[in-house]
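Okay, got some structures for you below.
Presented sequentially are two complexes of chain A, the first with chain B as partner and the second with chain C.
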Partner chain A sequence: MTRTRSSIRVGSPPARVGLENRQAWLATPALLWILLGLVVPLTAIVVFSFWTGSSIGMSSDLTTSNYANILTSDTFWGTVRWTFRVLIIVLLSVTLLGLPVAYFTARVITVEWIRTGLIFLLFVPFLVSYIIRMITWIPLFGRAGIVNWTLTTIKVLDAPSDFLLYTSPSMITALVFLYVAFMVGPVYFKLQQLDKDLIRAAQNLGASPLRTFLTVELPLIRPGIVIGWLFVSVMIMSDFATERIVGGGLSPMLAGTVWRRAEVLLWPQASAQAVTLVILTLALASGLIRFAQLDQDL
Partner chain B sequence: MVDEPEATGVVVEFEHVSRFFGEAVAVDAVSFAVGQGEFFSIIGPSGSGKTTTVRMIAGLEVPTDGTIRLFGKDVTTLAPHKRDTPMVFQSYALFPHMNLRDNVAYGLRMRRVSKSQRNARADELLELVGMDGLGERRADQLSGGQQQRVALARALATEPRVVLLDEALGALDAALRVEMQGELKRLQDQLGCSFVHVTHDQSEAIAMADRILVLNEGRVEQVGTPAEVFAKPETRFVASFVGQNNLVDAISHGSTDEGLQRVHTALGEFLVQPPTKHALEKGQPVTLVLRADALRRVTPRETPNEFEATVAGAQYSGARVTLLMEASDGTEFRMEEHESLSVGAPLRPGDYLLVGWDIGDAYLMK
Partner chain C sequence: MESHPDQEDREFTRRAFLNKAGYATLGVGSLGVLLAACGSDATSTTVATTSTAAARQLQLRTMGIGTTVLDSVLTEFQTKTGIPATGTQTGFGDMVPQWIQGGYRDQWDVMEAQGAQIAPLVAAGTLQPIKVADITHWNDLLEVFRVPGAAGQDGDGHPFTQIYTKAARDSGRLDEVWVVPTVWNGDTIGYRTDLIDEKLTSYGALWDPKYQGKVALFNSSLRAPMEVLATFVTAGEYQTEGTIGNPSKADVDFAIDFLIERKAEGQFRLLWDDFGAAIELLDTGEVSLMNAWEPIVREVAARGKPAVYATVKEGYNMWFHGIVLSAESQNYDAAVEYANFWHEGFAPAVVANQGYITPTPSVAQSALKGADSPVEGVNAWDYWYDGKGRDRGSVNDIASSAAWWWQFPDESEYLNSRWQDFVAS
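Entry: the complex of A and B
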């Protein structure tokens, strides 16, 4: 007990190191879990990506042709461009939709339990499985869905439209609705943390509400926005199902392409694409962090 | 209320201003006026409405009722950014994402002053508060005292005619606080602007204020110079809140031939100067105010006002010691004396002392 207390005291480095070492053991189960669940499969995928594929499976003959095929494929780069385009549209949309929601909840609602309740509501859809959430788009936006039925009944449309489902706009809409909560969350918490005196000080020095937002609040919640972008980006980069269920597989995204290769047991090709996907995602994430100087703010 | 600000002009004026938060009354029909160049302190315990009051000057709170005027203009519901009433906060509230120069220049930037001009002005102000050459630093690289100087420079940058200080020195340690008090007074003399200063610390108000307003439960208890508020509290609350006063319930009991007021208390019968404003009727209940430092050890019959008491404890602060005393009837009171009086013969709890005061050192309050 005495040792613990003395080791917490600032200015006694040797004791503090001892304490940190002991605390480090707390991370062991998590580290083992990560090793087992992340490092092992990832290593396997990297190894497979250099193996040779054939119609009956794969052999351990090392080759770089999987990568050569990907990197010289116009289809692949087309998919990359399309994926990033979708990503940018979704990020813009979740930002424009999410910021006002977070702002409203954190600033306008003054009763704390209502605020907490609203944030909880945002995550209620996640109590329902992903498949159910996505399948419900079909009765809503499908050919015989509610929207088409309403539009044809009130004679806005002569015949049911295919535009609402199995198109890229419908896929993008679905992605925005799926992930907007991950944008609202971090921004909301950052706004909650923000010292209200800073806002008072800005207003006091002559800043209108809009200029207070632009010059004080926005820069200070930037880390929250970027964390939201990171969450949403990583999830979109790995989302292989939405493009199928809502997009009808007509606007393929990178993760979906990996899935289609794996489905037909083209393991080495699928692995090489997966590795490329991981590298692209890491590049994107570090770019975002760099852009936001997040490493300095956290 | 006792004395109006000098005729050079009224800067801030409150007329029956009230602020309710739901059912709770934060500020209750408060009226006062702050003069040009005046250092005006608002003191009161926490929850007395002093922060709400200063925020209403800045427009950060809107009154439920009443009128607020700045320089004679009705600003009761004017948005904060349309007033020129910069505030210095207890939390300093420096913008963490800007360097010190940009912090100080913020008010000028909001007024669309060109970058070169506002930076020059910001450097000037940083120099004024003794922080020259530190414009590139960020707030988190500074000590509390330094941050407060920058916050002050930021408030002064637009040359406001009134600056609000909300417990501005509250987060500083004692020595630094005294240093900043001197600094503030120097700046005020130099710049000639008015200060409205909110604090729970009465010594800070005595040190700096031209006039003090005492708030309690949202109501004005007294307005006056520090000397008036401390020497002549007008209400029981002020008497117990400022200084160290002992309040003794008394009944008026006629006058002596010399024109002194005779009063009955649980401690005995005493002679006091009669109140100047209004004569007392016989049998009227009053409060006898005994300053702790007016009480002293006396020899028998040295003064007409004496009583016996036992020592219950002592609190030392520097060369002064406050004795906690208990009179024969159980009334507790405080007596402040120089520490050297106890040298050689230290007092112990339970010791008897004959305590008294000179006639002019106590007074009566209704």
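Entry: the complex of A and C
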């Protein structure tokens, strides 16, 4: 740990180091990229969110009504509550599923190439586009899908179930499967980094494997868990397709409502919702970072 | 090109609209947006249309949904006229955004737009009118499209009022149009007769608790709410303040509150967006009934599943698609040729097999009589136009039983906002 801390300490105040360093120009491409790809569009969205929009266009007459309409809308707050409910369920699920997988891979598997292979397998689904992965749920879980066919063939079900697709539980399940890898990855790497002497010391002092995990390893891998939560949270907050393709489009989350406004050309309204979404996501992310004390642990 | 009087009718004139909004660059979301937002006039460059067209090779670049932008039609058009033609298929909901965001400027000459899409396209200043005199078969169009007050028009005069420019209507000259109709039909509900053991004759089936969890609705604020109103108006249980196609706020509230109530009971399984996905939903029995398009039901039936398109007592949700021409296109003559081509036999015979109808049946009749239908020995005219194959009578029966025409309602923003309440409820 000392090693990790000291190496970070050298680089921790990046601005000052950057100014002192002659290689500061190396950051220019990234800064330009961020400026063009993030700052400019985000600024445009903020500007548009104060414009006046109707279904036939928008004008630069400034208004705060887009925000007023959002903040006083029961539908909006209902969607916020629903999004956070889904988020919490998914975070709990990916943690419960992801931790054992990461632990198994890092601790139980001792052969290096098998470990690497398993971690590679974890990311294989990402070779296929996210939308395609979502669409494959339909032939798997639909009424005429493989799962229903199997369950009715072996007489577990009398008739195909409607429950497996176009429902909120199916959407949440899909989100868990989509994003669990982002939990396993950081936790696995954090476990790999741990000083093995600490575990041996705990065992020599008589701690059971469970106690070792709970009192030694878990506190030390907490940053990995929180980084996983951060990844998953940000992706869920911006996920607009899963609820539509797998969920059936009748339980939208926040990003989906932005899309629905944009689809009918209500750009200022969509922009105001997007800005609100960004603020909520930043608040969530900074809350998680503070909770994990990532600034100290990394 | 000066802005057309129709555009000045609206909240924003075209020039002001483009100067202020930078709509065209919106999709890119980059520096151009800010430049446009700062009032740059660079975006409003326009080009004269027909004067330069003759001097160079005409071309036709069209876009629309997959049921009207068809390779076979474009290939035949190109062969017949020598005008190179390309088509882009897109989702219904993507048509107007893609066009307005800049597609009309340099990507496409024409859009095969639906009636309800015309008003926003005109208001955004993206269209140029087409002269009626250039449309060879204009006087062969069914009267519902071209004669004020003709039978089959709804309370707001649609589709007639959607087609002609306001100037042409106000002056009584009827000499220019925003859109040349090419296909039309009346939408109802499609269902699987093996999953539903009664003959459906009302939109009411969509809300019938018997079919709880078995219903899919089209993801558009312009459809299910109107079907709710039609159901209740026909049953004598509600009287609209506006019309079914152009409801008042109170009408919208009535329809949406009802939908929210039914949704809470678990009536609706999902919303459908996409033609291909809708076919799968009915084909796999994922849902038993849906407010559908006829080609969806035709395709499911062609796959061997017992699917029918209902005739409903409330009347049809009527629509037409037609050719609209980009304000910036230099291919006016090609667009006119394409519209004329659609009125003759070839294209109507192609789309007949998905249940779509030509607005010029008298022109297309001989070609349709020579074309095949799904039943051997019955020609396409007899099958599709004379009621020998369609479950819902002849073309004239359909044309005379409109409950409302697809249109762009005055309260569209309120309707959309309430539709979102339903979706998120």
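Just so it is clear, the second predicted complex is superposed on the first by the 278 of 298 C-alpha atoms of A that agree within 3 Å, B and C clash if a C-alpha of one lies under 4 Å from a C-alpha of the other, contacts with A are read in each partner's own complex, and residues count from 1 in each chain.
As a convention for this text, a contact is a pair of C-beta atoms (placed from the backbone, for glycine too) under 8 Å apart; a residue touches a chain by one contact, two chains touch by 3 or more.
These numbers come from a predicted model, not from an experiment.
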*Put the two structures on top of each other at chain A: do chain B and chain C fit, or clash?*
fit
*First, second, both or neither for A:L280, with chain B first and chain C second*: neither
_Looking only at chain A, is it chain B or chain C that touches more of its residues?_
C
_So in the superposed three-chain picture, is A:P252 touching just chain B, just chain C, both, or none of them (first/second/both/neither)?_
second
_Looking at A:R211 after the superposition, I want to know if it touches chain B, chain C, both of them or none. Which is it: first, second, both, neither?_
first
_Which partner chains sit in contact with A:I109 here, chain B, chain C, both or neither? Use first/second/both/neither._
neither
*asked:* Which partner chains sit in contact with A:Q203 here, chain B, chain C, both or neither? Use first/second/both/neither.
replied: first
_On the A-aligned overlay, A:V80 touches which partner chain: chain B = first, chain C = second, or both, or neither?_
neither
*Can you give the closest approach of chain B to chain C, taken over C-alpha atoms and in whole Å, for the superposition?*
45
*asked:* Shared contact residues on chain A, chain B side and chain C side combined as an intersection?
replied: none
*Where on chain A is chain C touching in the complex?*
36, 40-41, 43-45, 47, 54-60, 69, 75, 78-79, 82, 138, 142-144, 162, 165-166, 244, 248-252, 257, 260-267
*Which residues of chain C touch chain A in their complex?*
10-12, 16-17, 20-21, 23, 26, 29-31, 33-34, 37, 93, 96-97, 100, 119-120, 123-124, 213, 219, 221, 263, 268-271, 273, 280, 284-286, 408, 412-413, 416-417, 420-421, 423-425
*Quick one: which bits of chain A touch chain B in the complex? Just the residue numbers, please.*
195, 197-198, 200-209, 211-212, 215-216, 219-220
*Any idea which chain B residues touch chain A in the complex?*
55, 58-60, 79-81, 84-87, 89, 91, 93, 95-97, 106-107, 109-111, 154-155, 158
